[in-house]
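Some notes on the structure that comes next.
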Amino acid sequence: MMEVTYLGVIIKAILILAIISAIAGFGTYIERKVLAFMQRRLGPMNVGPYGLLQIAADGIKLFTKEDFIPQNANKLIFMVAPIITAATAFIALSAVPVFPDFTIFGIFVPSIAADVNIGILFVLGMMAAGLYGPLLAGMSQANKWGLIGAARTAAQFISYEVVTGLSLLAPIMMVGSLSLIDFNHYNETHPWMVFMQPLAFVLFLIAGFAETNRTPFDLLENEAEIIAGYATEYSGMRWGMFFIGEYANMITVAVLASIIFLGGYTDLWFIPGWLAIILKIAFMFFLMLWVRASWPHVRPDQFMWLAWKVLMPLAVINVVITGIVIMV
Amino acid sequence: MITFAFYLFAVLITGLFLVTVMSKNVLYAMTSLAAGMVLISGLFFILGADFLGVVQLIVYVGAVMAVYAFAMMFFDLSRDVEERHDKPWLIFLLGGGIALTLVVMFAAPIMGEAVHALYPPVAGATNPQAVGLVLFTKYLLPFEVASVMLLVAMIAGIILAGKKMEISLSAMDEDILPDTKENA
Amino acid sequence: MITLNHYLILSGLLFAIGLVGVVRRKNLLMLFFATEIMLNAANLAFAATSSYYHDLTGQMFAFFIIAVAASEVAVGLGLLILLYKKYGSINLDDFTIMKG
Amino acid sequence: MENYVYIALFAPLAGSLFAALFSQRPKALVTGVVTSTLLFISFVASVILLNHVHHEGAVHVTLMDWISAGDMSIPFGFNIDQVTAVMMTVVTLVSTVVHVYSNGYMDHDKSFNRFFSYLSAFVFSMMVLVMSDNFLGLFIGWEGVGVCSWLLIGFWYHKADVTRDVNPSISPSWAANEAFIMNRIADLGMLVGIFLIYWNIGSLQYADVFAAVPSMNHGMLVTIGIFLFIGAMGKSAQFPLHTWLADAMEGPTPVSALIHAATMVTAGVYLVIRANPLYSAIPEVSYFIAVLGTFVAIFAASMALVNRDLKRIIAYSTLSQLGYMFAAAGLGAYWVALFHLAAHAFFKALLFLGAGNVMHAMDDELDIFKMGGLKKAMRWTYLYMGLASLALAGIWPLAGFFSKDTILEAAFNEHTYGIWLVLWFTAGLTAFYSFRQVFLTFAGDERYKPLGFHPHEVQKYVLWALSPLAILAVIFGWFKEPFMEFVTQFLPAYEMSEHTEHNVVILTVVTTAIALGGIIFAWMRYYKGLKRDEKVEQSLPYRILLNQYYIPILYERVFSKPYAALSKVFWEDVDQQVVDATVDGIASVIQESGDSSRKIQTGNLSDYLKLMSGGALVLVALVLFAAMQN
């Protein structure tokens, strides 16, 4: 075990920022492509080979577009809100070990930027704090759709945080630690958690969709009902930040699912750990797009019904059964 | 480093809370309060109370303040809050007086030499483990009572705020909607 | 070097700020905010004492305070909503029916 | 033995509680039977204890811890020594007789059950009084008998008040209150005495207290002795707290017999006997007791000479005999006092119960001038009362001869010839008034006939029940020597000097002579019938005596009326003008301050919160201030 230096942490932080930001941009392209293929279309094709430069074009457009602030909006909050979304998403990632430890130019880079011994809770907490982005955005913009979006944000996040937490409780009980590193080590000696806690995995996945505001649970900005929800009045880079945050959150959930349930960055057969985790994250990411293409939106009341009357009882039952099994 | 972080956090928290208390705008008040709470959780991390910090984040920032925000939408709070103040100086006299006495009290050297730990953290355990050990041994009864209290509060909140919740308005045709004015 | 006194003074100041809010605010929601500040100040003092004396009791109390705050929000906001439905206001100056 | 102690003590209590269950019910013979039976059981237990004490020595039991506060520890304990055993036996014996007697006497009373409840409660209190091993237990019993006495004197509380001309004691409830208040005055003295004992010795156990007596300051001992004796004076109706005893005759006659002749009034004597180590150490107080006793003896006897009320004559006689006992106790002849106490209990109870028979026969008429010649109708009662009067007069070989004679010898022995002379003269008076009463009641012309009375003898079982008392009144004196040996195991022995031994025959003859003289004088005056002499009755000494030296009137003028006037002044000027005005003032101040402070109640939570934080500021400032003091 090598000493963790500030330099290593900074390198890791820069790596995360750079890679995730890039992936977030790239993610939009992939999403459009995947959705297009599933819908028997081609998707972006005109800019660059296979439309690859479409990302650059979108970026230029976002940066140069007028930063529009509605007259009656609460300007300060309106401007701060997107930053909250992006910032909390990246802060959450700081406690997630994406790659195994490695050394670059003789500098030890830890697998995790901030190894708090309560990693999972910290990630959940920061994701919980992330709800202030859409919430404040919706409330500050003096727009009815925005307000409805904000209301949905509060309801949705609070409800599904419960499910997330409870669904993760069973694996936490089995591992006996809150540190994601410990989870990874646990997977080295045990079968993947998904085989032992399939129900928890499903619940976590569903709640993850809700927390990252992904279809079929993207009620916050459901274009068909409330224009764009909390993001109605946003444009330009502020709008872009919401999306960077959303994609970062998607990656966070994907990483969490991979580490907790799918074996993490342990070596898989002949595949080295760093590649295995990338494959797993990619699969999870693809799964989210896949679901988006396959499932319709749900109604808000169905959505709340699902959380409180189906998922939460199931999660509680799962925890109780796990507890009994562990005790016995 | 820690000194710097403490002072930074302290100044930020004080400022944010002052905004909460003084602002006419509910949105500012709520935002600054939530931000202040996040920073307080930062202080908890500095103090080594990791678990408490996370609980602060999840419960206070993630739930309590979000519920406040949700409740705000029930009231017409887009306008500035207008409050009538008869004697503004009195308020600051009181607050300032208490602040002054508290600061004087705490600034004086604490006669705490004889204090010894009742439940020192278990050696080698991480903070959450130590917390769990104490919470589920010595404080098991208060913990259970607190859980019952939370359950009661939850039911109370549902009953108080959620009358007529069994009627799903979105699942009905518009012409058979109950007259909500009458039922309110 | 940050000592316990630093934390306690910060906590005292935050408490005083909360108190000013409690006294000053006429809007019930804002009043709730101010009480949360006071609760947080107490939590900070507990956590600091706990940390400096290496005793987990302080943290326990902080947990229970958080639980109390959560309960308070659930019930308090429910009442607030009822009040608003009934009187159409959450301004304290409008509720003086107990005037002696 | 412990069990016998508890049986003797608690059987009367059980009886009392049992009878109390029926207190609101019509007469039920079962209450009388049960209480009498329980009393008899108590008597048997007492006799067993007496025998045990005689052979094995004192018994001491502790029932429980009673008061434990700080340094103060008073157990609820009982000590059965020789004196207590004698007292217990006397009390339970007389009580049993009185209970049985009451079955007949109270036959027609509608509060039959209540009466037995009170009576047994009295016996319980009396037992606590004599059995307790500490001053506080004694005081509890002391107050208990006081309460029961109050209840029983005022038993016919429904009788209306009349003027003093018709009835010297106005009414039973008045008499009950008088007795109670006088006893309260005296009990205050006793309480002070007990406090002084605890203060100086730190214990109230007899053993500890008397052990500490020799080492104590003489002045303090005198003070304690005087205060305790004030209590004894009240209970035993010594001058000047004597007026209640004659008025207490308003109670039912069994009560007079039990409480106001045989038992309760002797509690004062018992206290002095019990505290003999204390009084032995303070001869000046003892001498005062003796002088006071002597004075009361002749003082009461003089009043009995002229009284026309059957029960009052016996009451004054009781007073007089109590004086004898105090004289003996004051002279240091404690066992003699106890001996006279026991003998007196028997014949005086007999006398009273006989008087009760007469009252019964005469439809509650008490004026002996309206009786006469009852011996035909009431042969047995005449026999009993004649025996009892002979015993009282001190005629050989009855009980009174031995006991009274010994007291006179003791007075002679101490070279207090004044006391001896007065007591000797009183013996003559005693003989005279006793037989004046007997002859006026039973002999001579039948004055009742014109008044329309039809006397008849009481029930047979009542007469049988009285027989033990009659027998004891005759034979008790013969046991003087064994009695002395028995009680002097505990009490200090009292040896007559040779000088007295030398003169004992002369003394006896002289005493018997004056007693016989009194009887003969009474026989001459009254045996044939009542001859009223207007000139004598109008004479000043006669009227003074008849009006009890005008003491009740004096008390009324000096104490009652000024007190009433003072009370009126306090009521009208102090209570109404000052206290009421103050209370009203407080009320109006509160009301007005409430009116003005009502404005604080704005109903606005914000204002309340301001006040609250103001209070918080004050508290925090106080804490800071307190912290800075350290």
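By written order: A, B, C and D. Residues from 1 in each chain.
Keep this in mind: a residue touches a chain if its C-beta (ideal position, glycine included) is under 8 Å from a C-beta of that chain, and two chains touch if they have at least 3 such contacts.
It should be emphasised that the depicted structure is a prediction, and the values quoted were computed from it without experimental measurement.
Trainee: Taking all protein C-alpha atoms shown, work out their mean, then name the chain whose own C-alpha mean is nearest to it.
Mentor: Chain nearest the overall C-alpha centroid, as shown: C.
Trainee: Between chain A and chain C, what is the separation of their C-alpha centroids in Å?
Mentor: 32
Trainee: Give, as an integer number of Å, the spacing between the C-alpha centres of chain B and chain A.
Mentor: 26
Trainee: Which whole number of Å gives the spacing of the CA centres of chain A and chain D?
Mentor: 101
Trainee: Centre to centre, by mean C-alpha position, how many angstrom separate chain C and chain D?
Mentor: Comparing mean C-alpha positions, chain D is 74 Å from chain C.
Trainee: On chain A, where are the residues touching two or more other chains?
Mentor: Residues of chain A touching two or more partner chains: there are none.
Trainee: Going by the contact rule already set, what residues in chain D reach two or more other chains?
Mentor: Within chain D, residues 610, 613, 616 contact more than one other chain.
Trainee: Chain C: which residues touch two or more other chains?
Mentor: Residue numbers touching two or more other chains: 19, 23, 25-26, 93.
Trainee: Indicate which of the five shapes (line, ring, star, complete, other) describes how the chains touch one another.
Mentor: other
Trainee: Which residues of chain C touch chain B once you look at their complex with the stated criterion?
Mentor: Residues in contact with chain B: 1-2, 4-10, 12-21, 23-27, 29-30, 32-34, 36-37, 40, 43-44, 47-48, 50-51, 53-57, 59-60, 62-64, 66-75, 77-82, 84-85, 90-91, 93.
Trainee: Within the complex, which stretch of chain B touches chain C?
Mentor: Per the touch definition, chain B meets chain C at residues 2-3, 6, 10, 13-14, 17-18, 20-21, 26, 29-30, 33, 36-37, 40, 43-44, 47-49, 51-52, 55-56, 59-60, 63-64, 67-68, 71-72, 74-75, 77, 81, 83-85, 88, 91-92, 94-96, 98-99, 102-103, 105-107, 110, 112, 115-121, 130-131, 134-135, 138-139, 142, 146-147, 149-150, 152-154, 156-161, 184.
Trainee: Using the touch definition up top, name the residues of chain B that touch chain D in the complex.
Mentor: Interface residues on chain B, with respect to chain D: 90-91, 94-95, 97-98, 101-102, 104-105, 108, 111.
Trainee: Considering only the defined contacts, which chain C positions touch chain D in the complex?
Mentor: Those residues of chain C that touch chain D are 19, 22-23, 25-26, 92-93, 95-100.
Trainee: Under the touch definition given earlier, write down the residues of chain B that touch chain A in their complex.
Mentor: Residues in contact with chain A: 25, 27-28, 31, 34, 38, 41, 45, 50-51, 54, 57-58, 61-63, 66-67, 69-70, 72-73, 78, 126-128, 168, 170-171.
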